[in-house]
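These notes open a run of structures that come right after.
In the two complexes below, chain A is the common chain; its partner is chain B in one and chain C in the other.
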Partner chain A sequence: MSGAAALAAAPAGRAAAPARARRLTPWGLAAPLGLAYAAFFVAPLLMLVAVSFYADERMTRWGLDQWRRFLLDGFHWKVVADTLLLGLKSVVATTLLGFPFALLYRGASPRWQRVLLFVAVMPLLTSVVVRTFAWIVILGREGVVNQLVLGLGLAAEPLRLLQTELGLVISLTQIEMPLLLLPLLSVMARIDPRLLDASASLGASPWRTLFRVILPLAAPGLAAGCLLVFASSTTAFISQSVIGGGRLVYLPAMIWQQAMVVANWPFAATAAIALLVSVSAVIAVIAYAGRVAAGHAHG
Partner chain B sequence: MLFRPIPPAPGPAASLRGHTLDVLGLGVRYGAFTALDAVDLSVQAGEVLALLGPSGCGKTTLLRTVAGFVRQDAGQVLIDGAAIDDLPPNRRRVGIVFQNYALFPHMSVAENVAYGLRARGEPRARIGPRVAELLEMVQLGPLRDRRPGQLSGGQQQRVALARALAIEPSILLLDEPFAALDRSLRLDMQIEIKRLQRQLGLTAILVTHDQDEAMSVADRIAVMRRGRIEQLGTPVEIYDAPQSLFVAGFIGTTNRLPCIVEGAADGMVALRLGDGTALTLPGESPPGPALLTVRPEQLVLHESPGPGRFPVALGLALPLGGQAIREARLADGTALRLTEPRLGAIRALGERAHCGLAPGARPALFPRPDPEED
Partner chain C sequence: MRMARRRNASEISYGLVMGGLAVLALLILVGPVLVVLATSFTDSRSIRFPPEGFSIRWYALLLDAGRSRQIHRAAGNTLQVALVSAGLATLLGTAAALGLSRLAGRAGRAADAFLMSPLVLPGLAFGLAALMYFTLLGFRPSLELIIAGHLVVVAPFVLRTVGASLSQLDPALLDASLSLGASPLHGFRRITLPLIAPGIAAGAFLAFMASVDNVPVSLFLSSARTDMLPIRMWGMMESTLDVRVAAVSGTLVLAAFLLMLVMERFTGLTRRMRG
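Now for the complex of A and B:
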């Protein structure tokens, strides 16, 4: 009897609960993070924009002087272009090396997938500073690469890798690889293997299957990974300064120099906004390309 | 009708006719597990053969080996008498309808159907009309620009079928194609696939664990168990004359009555049931403990005792359309199921009756198996 009473009461209780819960979710639950973002991200960003409109470095009057100085000097445009190119080169290098790894991961047994996933995220377990200094040891004049090249007689002189863009791209490829692989592997693992069987049974060669089935289905993950690699390598201040050195100038180093060395905050703010806008523009293009490649299939 | 008949024109459809499949001594092992054990099988041109068995019996492995996804350790697969063992899957021209249909989610219905034609390098001018013709055949013309995700299960299956037929396969493999459909749609699709297969003269292999599906669609059934074919025959042969206890139990509903064979002479067997009832049946069997397997429809209830009748206590009756399935229990506790006409005398639960074999019934007799067998 009491059981029946409980059963009868249950629906009423259940009906009342969601009504209360619905008033809380989702805005209420997101409020703490939203307020934190507003206070510590949106507000400083607005301040940054405001600071860039001070005319002089002591911030006494308003004016477009800093913007004029930034935009009218070809050197600054070259720094912007170099920064974006560095990001694109890192994206290309990580994709060329990471995509075959993701294909290997897709076909592996669950046990090997765990091993490969560990290999993929292992770089994240070490600090960027440590990884960057490790690359100095590897790429230096007396480093591992040069000892090998000289030992094999491939070159008479040690190769110059440190303080070159090639060396920087090589080390960024390793440092940023987990950012490409994590979204890519999760998408790869979700591709139904029967789709590949279906493709083969319909007469498609392995290459056709790769380009017509695997690549479009992996496109959202690949695009997400490329975005992360691009955003991270264009702003990789530590790697850019330590491996690139003083000869290679990218926007993050320029911002740091203007803010901390020259103490020209308005100009540093201008450069920071230039970095933000240009990187965001490229990211928008990559994201759009990813959606097109996926054929809008995943909506 | 879901499919429109296609005119028997010469051309693509004609080339579908007349392909045979032979499997010779096929063996596949996964480590210590034997998935296929020296399987021999011949599928005639234009025939639908069902591979029926519980999961792990090797039916899917056999299908995947024919398709080329699994490489056998022994034996050969021949299409029209020519070995295809060294051909990769993409050069075998074997059409497959997968259990979940495996449609490409990023392509439209028409692109899915055209995929195989493009892969074969058909000229663009030929692909368009051919895709239209195939979509017309499965009556999906109006949905040609939809994505698979926007289709119902039955529509997806028709796309999968059109896609597989587009490459004019020599053999059509159906891997549990009806499992994901609901009951009423399943019957429709079974009828229509069968009709289409007849029209095109296709040779097809249907993998299923559903005996009703195998019975209704297949011309012949191969019942598989533990990597071997336990029995191969028409649905009627498999149902009426099961060659093993496993087949008798797997196909249809079967009562197993423990008995003792007391003697056999002149094609007749004398046996005694657990409760002492003596029966004489046509057949042959060595003397000793045995199991009599009786279909529910081979048993009849009587009001009065008589020769070859044994007393039963009646249990529940479950009405199933025109007849009812009645549960009953022998004096020694053996449970029985039998069919009785629903409109006949309604007997009550717990009532006693006398059960005998229907006239002309030929139940199968098997030596009693070892305890660890099924």
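Now for the complex of A and C:
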């Protein structure tokens, strides 16, 4: 803003030369990365689409066979649905725990805010594989949870948590929570505390304040976080296969299996495009919901 | 009177529910990291918690060049790929962020969305696409290909942190230097660069960590010769659940912790990640 004002205030002749330099360079500066994306990102994705239109796995002739095979089999639709549902369950679980954490952060002193922020970020910087491994130790037959449950006499036999979707969702909650927290904490910190005081002094209960004041104000950050959690948990191949086990089939495992074990690239490409399209569709809906909610808060 | 009581009840329920969930969140965030660290010092041959006895035998085995050769090679590859891809991403990403910051309007927003898209795109689909692309073009598996794949996936981190520092930069500073007769390059070197340097450093660090951590691309592009650490660890977890997995994990946790403390000190990393 102040830059535009300064520019407008500058004498016309003096501003002309830098202005031209400014008009020319932005695209030039972005070009090297843009070219790298064209060569290593756009071209591969186009190739993926092309491969999906090979009719046979030896890739000798074109045809819609793989697409027909994918779309006409109910099992594949179920895998797509299970994958998206897993993502949604992770989003709900991370929000349920992450939002109260963000409220705690909002009310904390600057010193504690730094500690909480560190705690939120730390898991993000320990490898996904490490986090997955941690949950094997926690959820296994002789794991932390079972030792606790058996020790307290809550169950006679060890609970089966590994290789179940419940165990997988619990693990993904921790594995993906930092992705939710980062954007959420940032909007939370910007909420004007006087709004909450005003809401309380007008007689609103804390619950009402939460749903009518805090939630709408935090919506953009919440949506941004949910989006990242959804994208990451639907593609989390290692967590899905190690904690979920072989009996829970999600799209990533199917893609990997088809590409690397069965060596049917056209079908793997078809499944990968199904993953891309279905995940992107849900992400678009989440992003739209976030914008609508933010619009309400401002309107 | 009754209203006051109702108010109280709702305050208590709010505090209990929200406080309880927040504590659970804290526990679930920190707990697993501590469990991994504790497990890695076990004296037993099986992975169990609480660990039996205390020893560093698994770390010793991990350091043994002969018996852990595969892990060493995978770690070396991972480090090499991360250094080069994060370095390239920092260079290209900073330039692109500088360009994007001066692009207003629809085209600028579209360019920004395009360059950030690998962050929300299912990485696995891209990993498979990269495998098909490089193979059908006739390339054999190599670290260079993995670097190219990682570059795309980690560049958004640089774009985001550098973009954020640029948006906090007061353009009046640069305009002042230009109107005082400084050349644009001089203005960039003496004003813009020092002010966005912490953002660049934070972006480089996040890009490096994202590369070390990457699974979806490495899963498809790595081979026996170009093995990557996360993929090797996955193999170890799927087969024997070797206790060395715990030692590798412990090492990674400690390294990340130390690096993060250093970055926090010099760049205010966590604030930057919060955006």
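The criterion applied here is as follows: the second predicted complex is superposed on the first by the 276 of 299 C-alpha atoms of A that agree within 3 Å, B and C clash if a C-alpha of one lies under 4 Å from a C-alpha of the other, contacts with A are read in each partner's own complex, and residues count from 1 in each chain.
One rule holds in what follows: a contact is a pair of C-beta atoms (placed from the backbone, for glycine too) under 8 Å apart; a residue touches a chain by one contact, two chains touch by 3 or more.
Model, not experiment: these values are computed from the prediction.
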Between chain B and chain C, more residues of chain A are touched by C
Where does A:I255 make contact in the superposed view: on chain B (first), on chain C (second), on both, or on neither? second
Who does A:Q240 touch here: chain B (first), chain C (second), both, or neither? neither
- prompt: Once the shared chain is lined up, is A:N264 touching chain B (first), chain C (second), both, or neither of them?
  reply: neither
Exercise. Regarding the shared-chain residue A:D192, is it in contact with chain B (first), chain C (second), both, or neither?
Worked result: first
What is the contact status of A:L202 with respect to chain B (first) and chain C (second): first, second, both, or neither?
first
- Is A:L275 touching the first partner chain B, the second partner chain C, both, or neither of them? second
A:V121 in the overlay: touching chain B, chain C, both, or neither? Say first, second, both or neither. second
- Just chain B (first), just chain C (second), both, or neither: which does A:T95 touch? neither
Regarding the shared-chain residue A:Q66, is it in contact with chain B (first), chain C (second), both, or neither?
-> neither
Dual-contact residues of chain A (chain B, chain C) 205-206
Interface with chain A, chain B side, in the complex: residues 67-69, 88-96, 98-100, 102-107, 115-116, 119-120, 147, 149, 163-164, 166-167
The answer for chain A against chain C in the complex is residues 2-4, 6-7, 10, 14, 18, 21-22, 25-34, 36-37, 39-41, 43-45, 47-48, 51, 96-101, 103-104, 114, 117-138, 140, 142-144, 147, 173-174, 177-178, 182-183, 185-186, 189, 205-207, 210, 227-228, 231, 234-235, 237-238, 241-242, 252, 255-256, 259-260, 265, 268-269, 272-273, 275-276, 279-280, 283
Per the touch rule above, chain C residues touching chain A in the complex are 6-7, 10-11, 13-15, 17-22, 24-26, 28-33, 35-36, 39, 46-50, 88, 92-93, 95-96, 98-100, 102-103, 108, 111, 114-115, 118-126, 128-134, 136, 148-149, 151-152, 155, 170-172, 174-176, 178-179, 184, 209, 212-213, 215-216, 219-220, 230, 233-234, 237-238, 241, 245-246, 249, 252-253, 256-257, 259-260, 264, 269-271, 273-275
Seen from chain A, its contact residues with chain B in the complex are 192, 194-195, 197-206, 208, 212-213, 216-217, 294-295, 297-298
